[in-house]
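Across the two complexes that follow, chain A remains constant while its partner is chain B and subsequently chain C.
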Partner chain A sequence: MLSAIRVAAIASNTVREAVRSRVLYVLLFFAVTLMLFGIVLSSLSYVESERILQDVAMAAMRVFGVAIAIFVGVNLIHKEVDRRTVYTILSKPLTRAEFLFGKFAGLVLTIWLQLAIMVACFMGVSALTGAEVGAGHAAAFVLLGGELALIVAVATLFSSFSTPLLSSFFTAGVWLAGHLTRDLRDVGLRSNSEWVGEAGVWLHRMLPDLQSFNLTIEAVHGLPVTAADVWLPLVYGAAYTTLLLLAATLIFDRRDFR
Partner chain B sequence: MKPGSANRVVVRGALLALALAITIGAFGALDATPKIDRGEIFVPPAEQLRFASFGFDAVLSDYYWLMALQLVGDASKPVEGGSVAKLIDVVTALDPWVGHPYRFAAVWLTDSLENVHAANRLLARGVAYSPLDWRNRHYLGFNHFFYMGENAKAAGILEGALHLPGAPRYLAPLVAKLRTEREGLETARGFLASLVETSADPRTRAEYLKALDEIDTERRARLLDQARSIYKKRHGRDIERVEDLSTGQRPVLRKLPPAHPHFSSFAWEIDPETGDIVSGFYGARYRPYEHIRDKERRQRWLGDAAHVSRES
Partner chain C sequence: MDAADAIVRVENVVKDFRPSFGLRSRRVLHGISFDVQDGEIFGFVGPNGAGKTTTLKVLMGLIRASQGHATILGCDVRETAFRQHVGFLPENPYFYDYLTGREILSFYAKLSGVASRAREGRVSELLDWVGLSAAADARLRTYSKGMLQRVGIAQALVHEPKVVFLDEPMSGLDPIGRKEIRDLILRLRDEGKTVFMCTHILPDVEMLCDRVAIIVEGRVRHAGATDAFLGEGEPEADLVLAAVPADLPAQLEELYAASLRGHGDRLELRVREKFVQDVLQATLGAGGHVVSVTPHRTSLESIFLHAVEESSRC
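Let's turn to the complex of A and B:
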């Protein structure tokens, strides 16, 4: 059984370690800069400039949120192994699963903290330009938080057995493919080949359906967002994340650090 | 300073200066003219773009919207409708809930029948995604009436906008006018009368009652047309003044009807341009106004389209 206290201890240490990372601040700086640049960009349009501003700001949050998740996430375990601190930690009364879950929880907390800063910046920029912010935006931010947690889980899975460089490629690939699965399925279903159609459907089932976490257009246009639009992706994301972490634990348990 | 280190500094300085000079020179020689100015607008099909957007549909849509604005904003070149149509197709396919781009297309895609059709396709998408916005229906109906001469279809589309929030009061009278051609004056009258009964806003009601007055005047003008043709048969010549119908030898009418239901000071006149009998109050007959040049252009477009269709 996992001990919540031990997981929390690892998580808090991970947060402390992650907030010292320079990459984090560089990416955050670029995210905020891009949001501010959205003001200039939106002024190029004589109509609906608030919409353009919010589109750009939401895109910045997604891109840099995912970048932080990938760049910080893939180093999670590698750093501990590289510095050999993993021996010290795992020699304590702590299971490998607790270590992994703690690492994951710590990084998710760090990323949500970054997301909160970006949301604050989004609100500030929106207030500055008079762009409306409603409940749809809150739903979009919550789902973005869910998507980022899932990406951290993907990064954790790959970093449990691979090098940081490969892990970052794999995670970025999963993120891109995750946004494509619905289109791939639709393209497959339009194909004359039954095999291609089935392959598209299975890809959609196997890879994370990240488009379900994307409510940008709904938020920006003030379109109605139902409770199911939020809680269903969150439940799906939580379950998928758990599966990924369990797979990572299985691999990590068998890993030889010598 | 060690021997040789001064030389090294000089060599490094020279290399730095050379690299800087080459960078500046090459940068100056680069063709940094925007693609739009070079006439190289490549707009991928909307479906491909959606596939490649990786969830950033909204931002991509904004990018192509800004590109469309640049395209029509360049006063030094004529606007190429085909490119605008492609750009707005992409903009609205990536984010179909946008508002203004649909109307933008309606305004700029009026240089050929083909582009008007493209604008109509886009406006139909706008109506589907924003069914409560009267403006997309308004532009779509206008295109059908003004550029394509499809008055009945235009009336059907505009009728859908009548009760939408913000719809202007003149829409219902316009729908009635457009309906007259195909469905007759009595249908238009019945349509407006039902709106008068159901309208709660006194200003809107007044607008409808004004349109009903115009229909009543048109009814009388049509009676005068009949009287005019009887006059022609009876006298072997046309009237010189409308009053000829009720005066002189063997008048067709005992008395001329009023030229307006409420304002008796207005009289009937013969329009010098069309030769029609018109009320002095309105100055024209009850039909959608169309400038002769607009009519000629429409006939030319429709004629060309029919020719192409026959050839193919």
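Let's turn to the complex of A and C:
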């Protein structure tokens, strides 16, 4: 049974570490700069300049959000072990699962905080250029938050047994593949080989279907978004994230800190 | 108190480390056993690489024993809840250096389950106790090594544990820092806490510890009361003589198997206590003077070196 107080203590300290770290501000600065660059880019187009602006800005939010999730996520456990801060923490009445869930929760909160700042910039830029912002955008931002939490869980899993460099490659690979699983499945099904078709279906089932978290097109083009478009991916993401964290806990629980 | 009532009990603990891509695992603890009694300062002594820190990590649940069993306060070390009563200072402790001294202690207090209304008071009390009140609101990255060591001791005590484990608590400290930590350890014993201390600084062990275990190459070679260790062997005495005639040193060496060191007509020698009277008479009879006679205590160092030599012969 996890203790909420101890998980919260680890989580709040993780947020505090991120807030006091300069690296994350640099990444956030680049994300906001890229969004502002969207204004320049959209001004070059005669048609649909607001849509181009929002497309670029939402892509920037996704790419930098994922970059921050991977960058911090893969170091989540490694840094604690490498700096040996984990020795004093795990000598307290705290289970390894509480430590891991606390670190995860803290990082997700940090990333959501940064996402909120990027959303505020997005709203500001949209207001400046007269681009419309509606419920579709809100749904897209909520799902982006869900996707980033899932990516942090992937990074946490790899971080529980691998080096930061390998973990970042693996996590980036899962993110890219996660956005392509539907295409992989469709390509497999169109193939003449039964084996390739099966492999495509299984890849789609095993890897996170991250494309279900992407409502950018619906938001930018004002297409209708149903409640199920939001809650189904969120439930799916929560279940997937929980499984990843349980796997990470099983691995982390068996580790020797030499 | 017998072994069954021990505060810390280690029974035949074996630890094998499996290299990542190696074929054979490496055994670093070969079935070690010892126990620590209530209210004592226990010294766990050994050369570098002997297995002291590995043993401590097994006790702290940071690594798992391959075989054997270890308990603290009667609880299996793989459990978590009993750590409410255990404090731990690792060797060269590292802390979140973006936090202040007050913040880090408050963080550890929260993890240890110190109630929120008592937390602030406890943290201030500890900062005062370890002499860090003036630097309480400075970030840890500005602290000296000695100050970090004191933060380490404070975090180990923040939840008022019954047993405190210290890994090389004096390492890297200057003489003043070492004296301060020694005084802190003695204060812990005065407060009724049990202290388990890993070290290779033998004078500190002689000065502080009630009981000692010597570990060499993953095996406990000796264990027992420090005083009993120091009283081992036949008693000897150190003598300093002056105005010694030239032929006397050779006579003393031959008759009393004395170990000698001469400077001109001055002679320093160590003899068994039963020969002291004879040596003094021989010296005075030959026209020499006696400068001093000091009883010699077997040092822990000689026992330790003997254990290491014995191990290398095996």
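Basically, the second predicted complex is superposed on the first by the 258 of 258 C-alpha atoms of A that agree within 3 Å, B and C clash if a C-alpha of one lies under 4 Å from a C-alpha of the other, contacts with A are read in each partner's own complex, and residues count from 1 in each chain.
Following the convention adopted for this analysis, a residue touches a chain if its C-beta (ideal position, glycine included) is under 8 Å from a C-beta of that chain, and two chains touch if they have at least 3 such contacts.
Quick caveat: nothing in here was measured; it's all calculated off a predicted structure.
In the superposition on chain A, contact of A:Leu210 is made with chain B only, not with chain C. In the superposition on chain A, no contact is made by A:Val26 with either chain B or chain C. In the superposition on chain A, A:Asn13 makes contact with chain C only, not with chain B.
Legend: residue contacts after superposition of the two complexes on their common chain; A:Ala247 is shown touching neither chain B nor chain C.
Using the contact criterion defined above for the overlaid structures, shared-chain residue A:Ile52 touches chain B, although it does not reach chain C. Against chain A, the residues of chain C that register as touching in their complex are 17, 57, 60-64, 80-84, 86-90, 92-96, 98-99, 107-108, 110-113, 152, 155-156, 159, 165.
Within the complex formed with chain C, the chain A residues making contact are 5-6, 9-10, 13, 16-17, 20-21, 83-95, 254, 256-258. Taken together, the chain A residues at the contact with chain B in this complex read 41, 44-48, 51-52, 55-56, 58-59, 62, 176, 179-180, 183, 187, 210-211, 214, 216-217, 220-221, 223. Of all residues in chain B, only 50-51, 54-59, 61-62, 65-66, 69, 95, 97-100 touch chain A in the complex they form.
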